[in-house]
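Structures are listed in the sections that come next.
Two complexes, one shared chain (chain A), two partners (chain B, chain C).
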Partner chain A sequence: MNVRLYIWQRATAAVMAPLVLVHIAVIFYATHQGMTAEDILSRTHGSIAWAAYYGLFVAAAAIHASIGLRNILAEWLPLMERRAGRYAVGFGIFLFALGLRAVAAVVLS
Partner chain B sequence: MSDTHSELSVSVWRGAREGHYQTYTVPQRESQTVLDVVTFVQRHLDPTLSYRFACRVGVCGSCAMTVNGRPRWTCRTHVSKVAGDGRLEVGPLENLPVIKDLTTDMEAFFEKWQQAKGTFVPTRTRHDAIAQIRPDSPKRSAADAGIECINCGVCYAGCDTVRWNSDYFGPAALTRAWTLVNDERDGGNAARLQAISAWGGCHACHSHQTCQELCPQALNPTASIAGLKRRTAAAYLKGEITA
Partner chain C sequence: MVHRISGLALAIFLPLHFLALGLAIEGDAKLESFLRWSDQPLVKLAEGGLVFLLTVHLLGGLRVLAIENLPWTNGQKQLATFAAAISAIVAFIFLVRVF
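On to the complex of A and B.
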């Protein structure tokens, strides 16, 4: 890892820390209130706030995880750093697409 | 009066990269160090055994070996502390190429010290006045925390990150860099911070703290590396170094 990737990984971790706490709080709230999937979707549908919240979460997670995966690939497999970086970028894009699809399903459906 | 109480079963690595452990029987004595045992083997049982030592009192750091699976200074390791069951296994340091038996090639270790810009860059000449550095200043305290490293290679041999990433500079080289980063008399920080920000530099450290656990000098290389991470991140954000 170089200093640029180090800063990106730490910065995305800092972004995700409060997002994870809110995410867990929302899960507790929804289960304690006995909300059904239909109830939840009725609240999230068309919400720009929830779209922005989980969109940011997905972006931070995709960047953070792909930098970590890049390290693992470079350290544990006989891959050169640059090739490990290419695989990690591909994984990050894949993760980001999956996450956005999930966000779209919650906000647009 | 003899101080021999019993016998030790000592397995010693013989060979280079390929080799085997050979077992010797060595008399056990009071206050016997692992280096004493290795020396006994070489002087009395097998003169072809190769190993390295110099001072025998924990100053030079040249006698480091793997003792019962853990890198240690053999001159400062008492047999009674590590061979409770009367068995001892002595091998070369890990993460370094073996030249022969217990002797490793330290070239890569010291090359990385150079790559991390571990050389003092003077900013004054002999004609200038001696720099006045307060010993209790925060920077001097940070420099003092790592200045006692004698490059024995114990931390390097025990480091998981070195094992996984052969380009990683290792705890000793980065501790040296941290010492110089905090040395107010040094003028090489721009190049040094740039060098340790690249692949293999301080950001490769996983903070396992094995170096801190193993360091015979009780230094904390992990803390030094954490300091370098903070310092290089700040330098990058200020545009003083590039990625």
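On to the complex of A and C.
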């Protein structure tokens, strides 16, 4: 892993640490008395704060996961680093797009 | 290795998680129908596994950041075991609450 990717990996980890803690707290809160679509959407619908929180989370997770995947592909499979990088970038874009779609679904719909 | 496996498992799970939440685009009823499907015991058990993976990856990541950025301390192996134990407890509490 080169220095630039290493810094991105660690920076996104640092950004996500508090986000994951909040996410675990929300999971516990939301599942306490059964989770319904109405409960979820009433909390998130039209909320700029949740949109910003989940938007940042999705961006950081897409970067973090794609760098991690690149490292695993390069180390575990007989792939050239460049090819592993291409697959990882594709996965990161895919994850980012799906994540933004999910955020839009719970905030805008 | 636990950190790597948990990260890989979460990366595989994330697209499915996003697709499930994206069902809200097609209306509340579609998301509600998926959530009722997820009430099955086996799905709840799998969710407990995901809570464990997320917690163990978070704590493992904090351990990596601490090792790299703070002065070295003895007992790093114990910290890893402690992270796994805390994650198991968090997942167990989750399962007790949802069952």
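Just so we're on the same page, the second predicted complex is superposed on the first by the 106 of 109 C-alpha atoms of A that agree within 3 Å, B and C clash if a C-alpha of one lies under 4 Å from a C-alpha of the other, contacts with A are read in each partner's own complex, and residues count from 1 in each chain.
Rule of thumb we're sticking to: a residue touches a chain if its C-beta (ideal position, glycine included) is under 8 Å from a C-beta of that chain, and two chains touch if they have at least 3 such contacts.
Since this is a predicted model, take the numbers as computed values, not measurements.
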Touching partner for A:32 - first (chain B), second (chain C), both, neither: second
First (chain B), second (chain C), both or neither touched by A:74: first
Touching partner for A:43 - first (chain B), second (chain C), both, neither: neither
Contacts of A:86 with chain B and chain C, given as first, second, both or neither: neither
Dominant toucher of chain A (residue count), chain B or chain C: C
Which of chain B and chain C A:101 touches, first, second, both or neither: second
Which of chain B and chain C A:2 touches, first, second, both or neither: first
On chain A, positions contacted by chain B and by chain C: 10
Residues of chain A touching chain C in the complex: 10, 13-14, 16-17, 20-21, 23-24, 27-28, 31-32, 34-38, 40-41, 58, 61, 65, 68-69, 72, 91, 94-95, 98-99, 101-102, 104-106, 109
Parts of chain A lying in touch with chain B, wherever the complex brings them together: 1-7, 10, 71, 74-76, 81
Of all residues in chain B, those that touch chain A in their complex: 161, 164-165, 197-199, 201, 203-204, 229, 232-233, 235-237, 241, 243
Footprint of chain A on chain C - complex, ascending: 4, 7-8, 10-11, 14-15, 17-19, 21-25, 27-29, 31-32, 35, 38-39, 47, 51, 54-55, 58, 61-62, 64-65, 68, 90, 93-94, 97-98
